[in-house]
Amino acid sequence: MTHAATVHSLWTTAAAAPDKIPSPDIEYGQLSPTLIVLGAAIVGVLIEAFLPRRQRYVAQLFVSVVALAAAFAAVIGLAAGDYGTSKARVAAMGAIAVDGPALFLQGTILLVALVAVFTFAERRLDPVVHGNRVDSFAAQAAAVPGGDAEKAAVKAGFTTTEVFPLVLFAVGGMLVFPSANDLLTLFVALEVFSLPLYILCALARRQRALSQEAAVKYFLLGAFSSAFLLFGIALLYGYAGTVSYSGIADVVDGQVRNVTPALAGTMGNDALLLIGGAMVLMGLLFKIGAVPFHMWTPDVYQGAPTPVTGFMAAATKVAAFGALLRLLYVVLPGLRWDWRPVMWGVAIVTMLGGAIVAVTQTDVKRLLAYSSIAHAGFILAGVIATTPEGISSVLFYLAAYSFVTLGAFAVVTLVRDAGGEATHLSKWAGLGRRSPLVAAVFAVFLLAFAGIPLTSGFAGKFAVFKAAADGGAGALVVIGVISSAVAAFFYIRVIVLMFFSEPRTDGPSVAVPSPLTSSAIAIGVAVTLVLGVAPQYFLDLASQAGVFVR
Amino acid sequence: MENLIGLLVAVPLLGAALLLCGGRRLDGKGHYIGTVLAAGSFAIGAVLFADMLGRGEHDRAMHSKVFSWIPVGGFRADVAFQLDQLSMTFVLLITGVGTLIHIYSIGYMEHDERRRRFFGYLNLFLAAMLLLVLADNYLLLYVGWEGVGLASYLLIGFWQHKPSAATAAKKAFIVNRVGDVGLSIAIMLMFTTFGTFTFAPVLTNADHASEGKLTAIGLMLLLAACGKSAQVPLQSWLGDAMEGPTPVSALIHAATMVTAGVYLITRSGAIFNAAPDAQAAVVAVGAVTLLFGAIVGCAKDDIKKALAGSTMSQIGYMILAAGLGPIGYVFAIMHLVTHGFFKAGLFLGAGSVMHAMNDEVDMRKYGGLRKYMPVTFITFGLGYLAIIGFPGLSGFWSKDKIIEAAFAKGGTEGWILGGAALLGAAITAYYMTRVMLLTFFGEKRWAPDEKGHEPHPHESPSSMTIPMIVLAVGSVFAGGLFSVNDAFLKWLEPVTGHSHGDSPLSAAAVTAGTMVVLVIGVALAWAQYGRRPVPRTAPRGSLLTRAARRDLLQDDFNHVALVKPGQYLTRGLVYVDHKLVDGVVNGTAASVGGLSGRLRKLQNGYARTYAVSMFGGTAVLIAATLLMRAV
Amino acid sequence: MNPVNYLYLAALLFTIGAAGVVIRRNAIVLFMCVELMLNACNLAFVTFSRLHGNLDGQIIAFFTMVVAAAEVVVGLAIIVTVFRSRHSASVDDASLMKL
Amino acid sequence: MSFPLLTATAVVPALGAVVTAAVPAAQRAAAKWVALGFSLVTLALAAVVLVRFDPGGARFQLTESHAWIKDFGVRYELGVDGIAVALIALTAVLIPFIILAGWHDADPLEGAHPNRRWRPTQGFFALILMVEAMVVISFEATDIFLFYIFFEAMLIPMYFLIGGFGDRAGGRSEEETATQRSYAAVKFLLYNLAGGLIMLAAVVGLYAVTADQLGTGTFSLQEIVQARAGGHLDMASSTERLLFLGFFFAFAVKAPLWPLHTWLPNAMGESTAPVAVLITAVVDKVGTFAMLRFCLQLFPEASKWATPAIMILALISIIYGALLAIGQRDIKRLIAYASISHFGFIILGIFAMTTQGQSGATLYMVNHGVSTAALMLVAGFLITRRGSRLIADYGGVQKVAPVLAGTFLIGGLATLSLPGLAPFISEFLVLVGTFSRYPAFGVIATVGIVLAALYVLILYQRTMTGPVKAEVRSMPDLRVRELVVVAPLIALLIFLGVYPKPLADIVNPAVDHTMSVVDKKDPKPDHPVDAGWFSYSPKSDGGSHDGASGGAK
């Protein structure tokens, strides 16, 4: 195509445009979950703007809980309306897919967020300062740690109630992420849920230095990765001339003759596709925390306020895997033979890497971070299966895993000493003697992580491995079980520490939480056990939800 | 009648149960209960005997199945008894001598606070021994076989506070176990060969089986016999077994248990008849042991050990006879019975002496006891005459027949065996005379022990002397009685069968020979111990003597060849298990840890490093994807 | 001139940006490098949009700018806070958490 | 449908565990009684199972089947054959004694820091019951997945029992003991978990195979066996072998088979005697049981293929275990190694592929359970008295505590399988079964008999006989509670030794079935004696042996 032609076409399109721009039609009903959450977020901002400090906490809490609940209800409604199955469709001018996986994941995310908000709102754990109950967020994020401003803020009993709208924004982005049906939406959604998380990471009340460092690292690396993602998108766009999943898929499947002989002339345009695909993949793998894009995970998990960590660890993974699934299953199925081996490699190093490095960790939050990496590897094994079972197994695993994670981190918030949460493992010695219940609950979560039967962890692991084996990835299964064996080692180590070693005299005390955290933990345990003992219903749900719309 | 057979075993078993579980409240009358029950089972035996005599010689065998024991597939073992002339003989011997020794023990164990348990063990032994001889299949026999082993273990170690006793007991059990392995393998072979291990079918079909199999079975049975009957090479335990109370030595380690091997071989005659090689092995073992035991017997100063050596040697005779096949079976058993009488008598005599001498066992510290304890002297003397084969006494009849049979084997083999038997007879005469002289003749050599107790020898209580007298009577007349127109031969022949070999020597010649060697033996002993006074401490003696004192170095050999290497092996294995097998496991764990530690270093906290890994990762990702397409 | 060259330029810029992120210490510079990468992306979008003769790419470019702006807001906020608390914008100083 | 008897047998102890755990801290004694009560109820239920079970009846009886996890092809399927019944009975019998024996093992030490939430006693007994529940259900499960789940899950309570309630009589410093104990516990768990995970891979693989060939994946043992018999399901021999190995590895760890045994001595040494009994007498049996039920029946061909190797390993276990037992200085470790030797016999019997071998192996599982329980529990009583596990610290106990010594001796004699006691029968059957197919193996295995005598008698001699050591002079004899524990076990040993027929009759049909699945026949004797001789064949009255007098012509 010559320059003249392109210039001309550019002119003509420009000239032809003005009078007849088609007004987009948006299916508000089907987008309602997202809209509700984002709306609530804006309301939250307004609250911050107009309500006096004293009332913000309650108002924010109320708004966000209601919003999340309502959004969840909306999801249920959509699912009940068969939007997950028969009426699955692409909404908002092809930007958003409303289908089984989308709804399932949105539902999961919303529930996780709801529970997470409970932990955000917890105000019984930290000792009362100047007569004010405080949560785990900085009195004033802007104030220099240990500075006068901060002291004043603390004295005044300030609290960062902005976390609620931030969470809501993040959730909004996460809701869009797995249902994004074109790469632009994908990118925007990614940023929409990443930016609030960056901020949330920086808001810890205790150990703010760590918290801020975490934020910086997370932000820089996150931006770095999203740059890659964006460049990948650019290349894919260059390859297909469109960013809509279905459009690219058509080109990949060769249903559409590629429209750019100019490119064809210059470079083997599959290279564009492959490189672009790889870079987009990288962007998602970063969010998942797959080796070698995982290195931010331990630091951020450790530094961030524990409730945030729990929320991130659970919800981000769900959203990111959702997006990954859609990308691989909708956009690149034609490329299966190209990306599968690569993903094999990633899955293997992720499983083994996460498990092995975790063995020598000494900090509970870092330990859980590495374990989350290992689990990412297991889930990838299911992703690779490229069968409907694969999809549903991943969905199930995500649901199971996210609640275990949330619960585990919620427990972490309870174990405290003078310096706030006592996350160093040595301090957990003999916890089982001091407060058997908490220790037992945490043990349940650890066993679920380890995939011991009768916990959700086992059901999920089995589902994934089964799918992988069916999908002809037997080797992955073997490596999976080996790394689970390694992983078991450090989960057990923690249990040994809690139950079989004598309590230290200077050991931490277990704070008695308010119903908020308690209910969060309770929900975690309940889900863990139910999904472990009677997973059939949820497996059905997942398998019904196992089909992507195109 | 059949049901009485079971009772034979049940009665003493009941006794054992009562006495062992009865607790202290039975301490007072425990020994009576035990004795009465033993006598009871003897009575039953007598009744059955009478009944058996009442019947024609070919339908004398009785059989009674109690219940099906182990039915698994083709493998069917019953608890069933078979009482034929052979087992009848044993029943009478066991219960008879057994009862006598129970009575004897009442006196002998009077001062032991654990006498109740002692009688419990004795009853247990009777039950097991009866089970052994009454079983109608090899597996049930095996139960009795190990049962007597257990009883002997418990009784040898009865004085457990003495480490020597405990060790001796353990040794006896383990050596026997080695023999038992033979028995169990034999049973397995029978099962794979015949599909059964019940006497009747196996023995009547023995000749159908290949000779190889039969030889194997025979050798395994022989191994078992060696263990139980203290035959070379498994004889080492018997000497130590004398640690047990003397009645035990008399009953178990002289009269009954140790002869079980002879029973086993005789019972399995059909198999051995069809397996000449196995028979050869048997006679070899017998011949060797009869000399071995005799030599050992010559050197021991411990009266019981001397007798133990003699026992070994006498059983050697029996095994030899049994090995000769149909020629010898009957005489083996006959000698077994007579030996049962006189050897038990001798042991009881020895016990009586020890009783009088504060449990002193060193004959060099006896001397001239005949004045102090006449009854013991006389009974012991009769037993002595019997064992050396003094014409007319029991030993004479039975041993003579064996020597005769040995020659009758024919060929050089016959000469060798006969010669050995004769030589053995000579040595027997020598060492028994020695015992006799050292103990009852000469001047008194005992002195106050370190605690200053001067022993005051006295005759034992009647509870002890009566059994001795009875046994003495037996050892005088039994042999003659049996030989009255071959009564014993006729009695047993239906079971064991009998054949007359063609002896190169006439019976008279053999008898003459035995007389000569007898005189020689006695004369030698007299020359050495009768004429001149005996030193209280043993002279160093010749090399042979010293070796013989150490059981011809048997234990030393075992120690060097088995015990030491075994200890090294186990220690080595413990090390291997810890360092190697377990080391591998811990090693893997450790290596994972190490790897983890190393990988951990990558996480150095620098955001830029993380960026590098991401960058590199992306590069690899892209490269890999392109590569995939390329290939 | 052949628009493909713009792609090469974009790739170059992107690489420079990435390299900058890897090499430089100062958080602000790092961040600028990221922005550079984003710009590279934009360039690529526009170029492709031109090549394909449709406007998607250009529209995306606008979106990218908006997002980048948002990122700047958040990013600078965080970096500044860190700078105030530890008086240094070097990312290497922020390495309390490791191993 | 009828009353779910099997489920009840498993649920009752589980319920008991919950109730026991819920007993408030103050009423620690009550917890013990509650636990005992529940275990007795379980025993009663097991008795009912034993009665309702008809040896001549269907392959699997009292079956229950409910949908469970459709997506995994998993059903809640229970059913018992003779082997399972025997082992369930064993478990149900042993648990009450274990509880009784451990009556004071979990009493808090004096001076332990008071904490009303920390309730070790309740936990101890609750965990024991939990283990019982899981063991029972894994004996009952005829669905492989169901079995697997509990096979794995039972590790957790076991782990807490070992690590949480170790032997206080280490003769070492407190923290030394603690580290040793948690080392043992972790080793136990990781070892078995690793085995279990390997098996998980095989389980998944099995699903893949069935799903691939039968359309829908299934874990039902019977379905698969029938499908294989009907030829609908034929695995490539390589696949079958891999799957077999996956399963066998897990069971071999559990059993344990040389060289995967090293966790057992640690676990048994560090845990209290009752827990040690629980490990070796109950939990480990699941391993050998599973070999018999799953390895052989799911993968007959592979089993035959692997037989030589496994037989050799079993043989090594027998000799090696015995030799190491001789070399031990610690009573409990000695018993542990003895058990390794015995498990060698069991596995030998299973893979000899003869009815004698497999029936023997099954009886062996039961008998070994009882005999080890007897020996180990008495050893435990001994150890708690003296406060040391080292053999060298004892001597002359027989003089001060004759009853204790006596029971100890009987336990020992059972361990060396003295005829007249139960283990003899099983051991001999195993030997005969092995011998009739692999004579050499049979002969070598008999060496184990002698070695057994060695380690038992050495142990007895060193601890019980000889001059009385000063430390044991004041040692009390067995108390009533302890007698109540030991006496029935000994009675059981004697009964099963004298009259094992009832048990054998229950087991035999199941074994015959297994043999038929594996498609193996007993080797015929070379010169079978005509049936006329079998006067003891069940029908005949076992009358006179007219040939009895016919020794030699």
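Should a chain be cited, it is by its letter among A, B, C and D, assigned in written order, with residues numbered from 1 in that chain.
By our rule, a contact is a pair of C-beta atoms (placed from the backbone, for glycine too) under 8 Å apart; a residue touches a chain by one contact, two chains touch by 3 or more.
In UniProt terms, the chains line up like this: A = NADH-quinone oxidoreductase subunit N; B = NADH-quinone oxidoreductase subunit L; C = NADH-quinone oxidoreductase subunit K; D = NADH-quinone oxidoreductase subunit M.
Everything numeric here is computed off the predicted structure, so don't read it as measured data.
> Higher C-beta contact count, A-D or A-C?
Pair with the higher count of C-beta contacts: A-C.
> Could you tell me which chain's Cα centre is nearest to the average position of every protein Cα atom shown?
Checking distances from each chain centre to the full centroid gives D.
> Just give me the whole-number Å value for how far the CA centre of chain A lies from that of chain D.
From the centre of chain A to the centre of chain D is 47 Å.
> Quick one: chain A and chain C, Cα centre-to-centre, how many Å?
Those two chain centres are 23 Å apart.
> Could you grab the centroid distance between chain C and chain D? Build each centroid from C-alpha atoms only and quote it in angstrom.
That pair's centroid distance is 66 Å.
> Rounded to the nearest whole Å, what is the centre-to-centre distance of chain B and chain D, using the mean of the C-alpha atoms as each centre?
36
> Could you say which residues in chain A touch two or more other chains, in rising order?
216-217, 220, 224, 228, 298-299, 489 - these are the residues of chain A that touch more than one other chain.
> Among the residues of chain B, pick out those that touch two or more other chains and give their numbers.
Answer for chain B, listing residues that touch two or more other chains: 589, 600, 603, 605, 607, 611.
> Can you tell me which residues of chain D touch two or more of the remaining chains?
Chain D, residues with two or more chain partners: 190.
> By the touch definition up top, name every chain pair that qualifies.
Every pair of chains in contact is listed here: A-B, A-C, A-D, B-C, B-D.
> Which of the residues in chain A end up touching chain D in this complex?
Touch residues, chain A against chain D: 392, 432-437, 447, 450, 452-454, 458-459, 462-463, 465-466, 469-470, 474, 477-478, 480-482, 484-485, 488-489, 492-493, 496, 499-503, 534-536, 539-540, 543.
> In their complex, what parts of chain C are in touch with chain A?
Residue list for chain C touching chain A: 2-4, 7, 10, 14, 17-18, 21, 27, 30-31, 34, 37-38, 40-41, 44-45, 47-57, 59-60, 63-64, 67, 70-71, 74-75, 77-79, 81-82, 84-86, 91, 94-98.
> How about chain A: which of its residues touch chain B in the complex?
For this pair, the touching residues of chain A are 216-217, 220-221, 224-225, 228, 270-271, 274-275, 277-279, 281-282, 286, 291-293, 295-296, 298-299, 337-339, 341-342, 345-346, 353, 356-361, 486, 489.
> Write out the stretch or stretches of chain D touching chain A in their complex.
67-72, 113, 115, 117-119, 148-150, 152-153, 155-156, 159-160, 163-164, 175, 178, 181-182, 185-186, 189-190, 193-194, 197-198, 200-201, 204-205, 207-208, 211-212, 217
> Which residues, counting only chain B, touch chain D once they are in their complex?
Chain B reaches chain D through residues 20, 58-63, 65, 67-76, 78-80, 82, 84-85, 136, 139, 142-143, 145-147, 150, 153, 157, 160-163, 165-167, 169-170, 173-174, 177-178, 180-181, 184-185, 187-189, 191-196, 198-205, 208-210, 213, 267, 269-270, 273, 326, 494-497, 566, 569-571, 573-574, 577, 581-582, 584-585, 589.
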